[in-house]
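Each chain carries a letter (A, B and C) given by its place in the written order, and its residues are counted from 1.
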Amino acid sequence: MTSLLTRRRTRIDELGGRSLTADALARLRRNPVAIVGAVIIGLFVLISIFAPLIAPHDAAAVFPELQRTLRPDSIPGSMPGFPLGSDQNGRDFFSRLILASRQTLIVGVLATLIGLVFGVLIGALAGAFGGWVDTVLMRVTDVLLSIPSLLLAISIAALAARPSQTTVIIAVALVNVPIFARLLRGAMLAQRDSDHVLAATSLGVKRNAIVVRHMLPNALGPVIVQATLTLATSILDAAALSFLGLGDGDPARAEWGLMLANAQSYLDVRPALAFYPAVAIILVALGFTLLGEAMREAIDPKGRR
Amino acid sequence: MPTTRRLLAAIAAGALSVSLAACATSERDSGSTAAATGGTMVFGAAGAPKNFDPIFNDDGESFRPIRQMYDTLITYKPGTTELSPGLATAWESSPDGKQWTFTIRDGVTFSDGTALDAAAVCANFDRWGTMASEAAQSNMIYYADVFEGFKGSGGIYDSCQANGNKAVLSLTKYKGAFPAAFGLTAFSISSPAALKQYDANNVTQSGDSFAYPAYATDHPTGTGAFTFESYDRTANTITLKRNDNYWGEKAKLDKLVFRVIPDENARKQELTAGTIDGYDLPSPADYASLKSAGQQVLIRDPFNVLYMGINTKNNPALQDIRVRQALAYAIDRQALVQTKLPEGAEVATQFMPQTVEGYASDVQQYAYDPAKAKDLLAQAGATNLTLNFYYPTEVSRPYMPNPTDIFQLIAENLRQVGITVNPVPRPWNGGFKDDVQTAGKQDLHLLGWTGDYNDAGNFIGTFFGRQKPEFGAEDPAMYSEITAADAVVDPAGKKAAYEQANRDLMAKYLPAVPISSSPPAIVVGPSIKGLVPSPLTDERFNTVSKTQS
Amino acid sequence: MLRFIVRRLIQVVPTLLLLSVLLFAWLRSLPGGPAAALLGDKATPEKIAELNTVLGLDQPIPLQYIRFLGRAVTGDFGNSLITGQPVLVEIGRALPATIELAIAALLLSVLLGIPLGYLAARYRGRPLDTTTVIGTLVGVAVPVFFLGYLLKQWFAVDLGWFPPSGRQAVDIDATHVTGFAVLDGLITREFDASWDALVHLVLPAIALATIPLAVIVRITRASVLDVMGSDFVRTANSKGLAPGTVRRRHVLRNALLPVSTTIGLQTGLLLAGAVLTEKVFVWGGLGTLLAQAIERRDYPRLQAVVLLGALVYVLVNLLVDLSYAIIDPRVRVR
């Protein structure tokens, strides 16, 4: 009995160290889903890094040659120097589309990261300790969760002196916190009475160590699944805020969600103004989830069996 | 055990369905298949009406159904801002302008069957002027504005005497807005009997909101071409039916339904799908596609002005007229009008449309000239100007179909002359009006105005006739010039005074930059005939007919 | 069990109380106020100040809160600033619409999502798996307001299969009994009204269901895979139990624990999702009330809708916790 547990512990410790990461990477490379996802994300990240070099023009500049034939119900299409033509305000649509990748990346990643860190912290504490810690923390997340996310985001965006990228990120991140917390707590709760935790406890392993070394790694699976989805939904939530008029205060800034929202009135005139940003958002969201899904399978120790 | 439980459940379900079937049978009338002469028109409204008592309302969505059910003493000739007889066949004022005598039309009855007479008209004036409760008073926006308050607390209403078929209204002071203001929909005439029966004055305060009496919610009683049938608050539809006893041109439609559809794209799709017959204020971007789908886009004459407001309080640099002039020169208003506003829109040279008495054709012009703007900024020593620019979201106004786009173009213009613009978007009702009009937090902002009636005071008097947080620092000379113009009783003198005020506004004061006047549209389906678009958005649907397809 | 339920129900009270305090302070600190919204276009600063006095909005916020609480306890949440109707009456009218839509969306996503997720896991790596996962992911990745627009444009405007928006055609003139349009038609035997309501329900339900569907598919798939790789399933298999029995009795039962959490979470989020969906489809439910209240700063309505939404959510959470206890005996009732 003891020897089995020791072996298991050694194995878990081993996994936490060198071999797990290397192993996971190796398996990722063999997974076609991961490759597709990684390629999309890679392209997206590359474009966003080199956006200023790729884009021929400034995102905010208005061009007289585009404005000349611009009317409320007719937006000029591609012409020399402007591969995708004009946007609704006489700016270069192609440049804006490219430059937008960077802003979109920033919003999605930061909103998810902040939500995840705080959510995992709260969920882990609640799930690990139970009792009054659990009660208090879950009461707080309940309150957070019981406000419809949109209202929560709207309130935060409206409270700020002026809506900006930062307020959008904070608003979306806050919506994500209770989701992570609740999920992690559920997963921890299910393990609290499980054999390996009981065994570790009876072996005299300290509570902190049990939580960090034994419970957390096993609870992370659903959290990673959720995080991959959250990256996509964060970008979508930001777009929804823009749709409701609470996006970045500077509409001249190029960001896909903002561009999509602002193109709502021109769906009949030039559908491309809405469709291209929409397709970009869909692709990126898809890329993140494909990659995340593959990562989940690769990291999960159970996946090795 | 499970079998017993299942049996019980089955019995309970059976009993429930039997009892439901017994107590809830169809309430539908079976006679609805009778031959329809004029059919039903369904109009897509952007919002729900507040209530149906004209005096307690001030917004277009409430006024649209009210206009179909009520009449005013004086109306506007369809499609114009010219006055024409309504419930009064004639009107005249005393030389000092303090007394108005209305000759009341014969043979008009309210929809509750009672007759309209001079006493009924006076009962309405009296009701407004002596409205007792604070709660009711605070809902009477137009009344408080035009009549300057209530009897005994600064209001100009004195009395109303019925004299045969004449109603004589006495005021304590001359008011330039009359007689045009008698045509305001808020001053529609209600049946005194119905007002009494349904407790119309009983607006109560419930918590931090108001509760309206039965008259306002379910029993509007006027003399209009349609009468109230129902307001289905679940389906959000208001149904009016033809008034067969209407004194004027009887309605051709059997029924007129207003269906509330807040989303603009949804209204467009409903119209294209043929499930509604029209809606108001289509986006200029949709004109072409609507027309090519066979819809009729009816253009109203422009009777509005869009301006970029300048608040001189927070940034002292703006108190220098050269800086404000630089702003005016920096904006390419011609390009803005051409690229963002519908056909027929014009650059505004001053703060009122051309059709208003008092418009001056020789005001100082500010043609697009970025070099001159930079020059003026340099002269004023304001080369590093940073301005907070507030613009509204979640709204489309007749003078400003797409505030975000208009903002972007102006902001880019300002950037080009070296001004740093901090964009501050605010939802129209969620902070924009508060921040801009009450708190005055902005340096620049976009706002405008649709005229209520043809009167210069209704435009520049509203904007610049007194100190307002919207424009910041006080300018007593400007206020008194405009107030003096309004007080001139002689029409020719008044016109001249307002013309001079317009010249001075553009040359001496420049408290804001007028941008444009644009023609708002109303769109109806291919089977709709006879809707006359009104510059005041005062459309009456009695002339409308619908061809059955 | 009963004691557990009662205790959890009692715990709901402080949650709601805390929420109401936060909400109240929050709403009162927002820019823009009901007075500005109430007065509309022609509001002057003086009128706004005067109205604030009439409405008691110039009083200290704690005092306003106590007054609000006092009225709320007696069931008076005030009147909507937009319509002047009692807020509770409005909610009563809108609630069935939202529940109808939420049930339709939830049914769609659970009935489709669990089997799809299970099948995807069972045929992991095969085309069925890939198609299911990618298909649902694309559904999630399309912004709801854009998806709604596309659904309307294609299936309502271009093809004419479904009505573009609303709950019932204007000329149907249905009799309202319960407020559930589909049910009402059945009760009153106005079957055309039922059918009409059902037809109106299709597009918004699809739009609202995309996100819960994808989440349920993914979680089901992930957790079925998890369980299939676990010791006890291997034990069951090696004991020679029939594969069908293992799947039913061991895999599915254990895999449903995380799925039930997800469904619970999604139910709460449906109200939020409904704000966008209802806006696009002009649905006239709680989401519409909420969106309008936010836009017009309708405090009384906003408070009541959010508190009610919170109550519903907390109750759903309770049900989820109970379902833990039923599905997973390890989580004992404490």
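List of remarks:
The working rule: contacts are C-beta pairs under 8 Å (C-beta built on N, C-alpha and C of every residue); 3 or more make two chains touch, one makes a residue touch a chain.
Keep in mind that what you see is a predicted model, and the values were worked out from it rather than measured.
Here the chain pair with the top count of touching C-beta pairs is B-C.
Set against the Cα centre of chain B, the chain with the most distant centre is A.
Taking the mean of all protein Cα atoms as the centre, the chain whose own Cα mean lies nearest is C. In whole angstrom, the spacing between the mean C-alpha positions of chain B and chain C is 36. Averaged C-alpha coordinates put the centre of chain A at 44 Å from the centre of chain B. Computed from the mean C-alpha positions, the centre of chain A lies at a distance of 22 Å from the centre of chain C. Residues of chain C found to touch two or more other chains are 30-31, 149, 153, 294.
In chain A, the residues that reach two or more other chains under the touch definition are 158, 264, 267. Multi-chain contact residues of chain B (touching two or more other chains) are listed as 265, 394, 427, 430-431.
Interface residues of chain A, counted against chain C in their complex, comprise 33, 135, 139, 142-143, 145-151, 154-155, 158-159, 179, 182-183, 186-187, 189-190, 193-194, 221-222, 225, 229, 232-233, 236, 239-240, 243, 257, 260, 264, 267, 274, 278, 281-283, 285-286, 289-290, 293, 296-297, 300, 302-303, 305. Residues 11, 14-15, 18-19, 22-23, 26-27, 29-31, 130, 133-134, 137-138, 140-146, 149, 153, 211, 214-215, 218-219, 222-223, 225-226, 229-230, 257-258, 261, 265, 268-269, 271-272, 275-276, 290, 294, 302, 306, 309-311, 313-314, 317, 324, 328, 330-332 of chain C touch chain A in their complex.
By the touch criterion given at the top, residues 20-21, 24-28, 32, 40, 42, 47-48, 50-51, 58-59, 134-135, 138, 141-142, 144-145, 205-212, 216-217, 233-237, 257, 259-263, 265-266, 269-270, 272-273, 275, 394, 426-427, 429-435, 437-438, 468-469 of chain B touch chain C in their complex.
Residues 60-62, 67, 70-74, 88-90, 158, 161-163, 244-245, 249-252, 262, 264-269 of chain A are the ones touching chain B in the complex.
On the side of chain B, the complex with chain A involves touching residues 264-265, 268, 283-289, 335, 338-342, 393-394, 401-402, 404-405, 407-409, 411-412, 415, 422-425, 427, 430-431.
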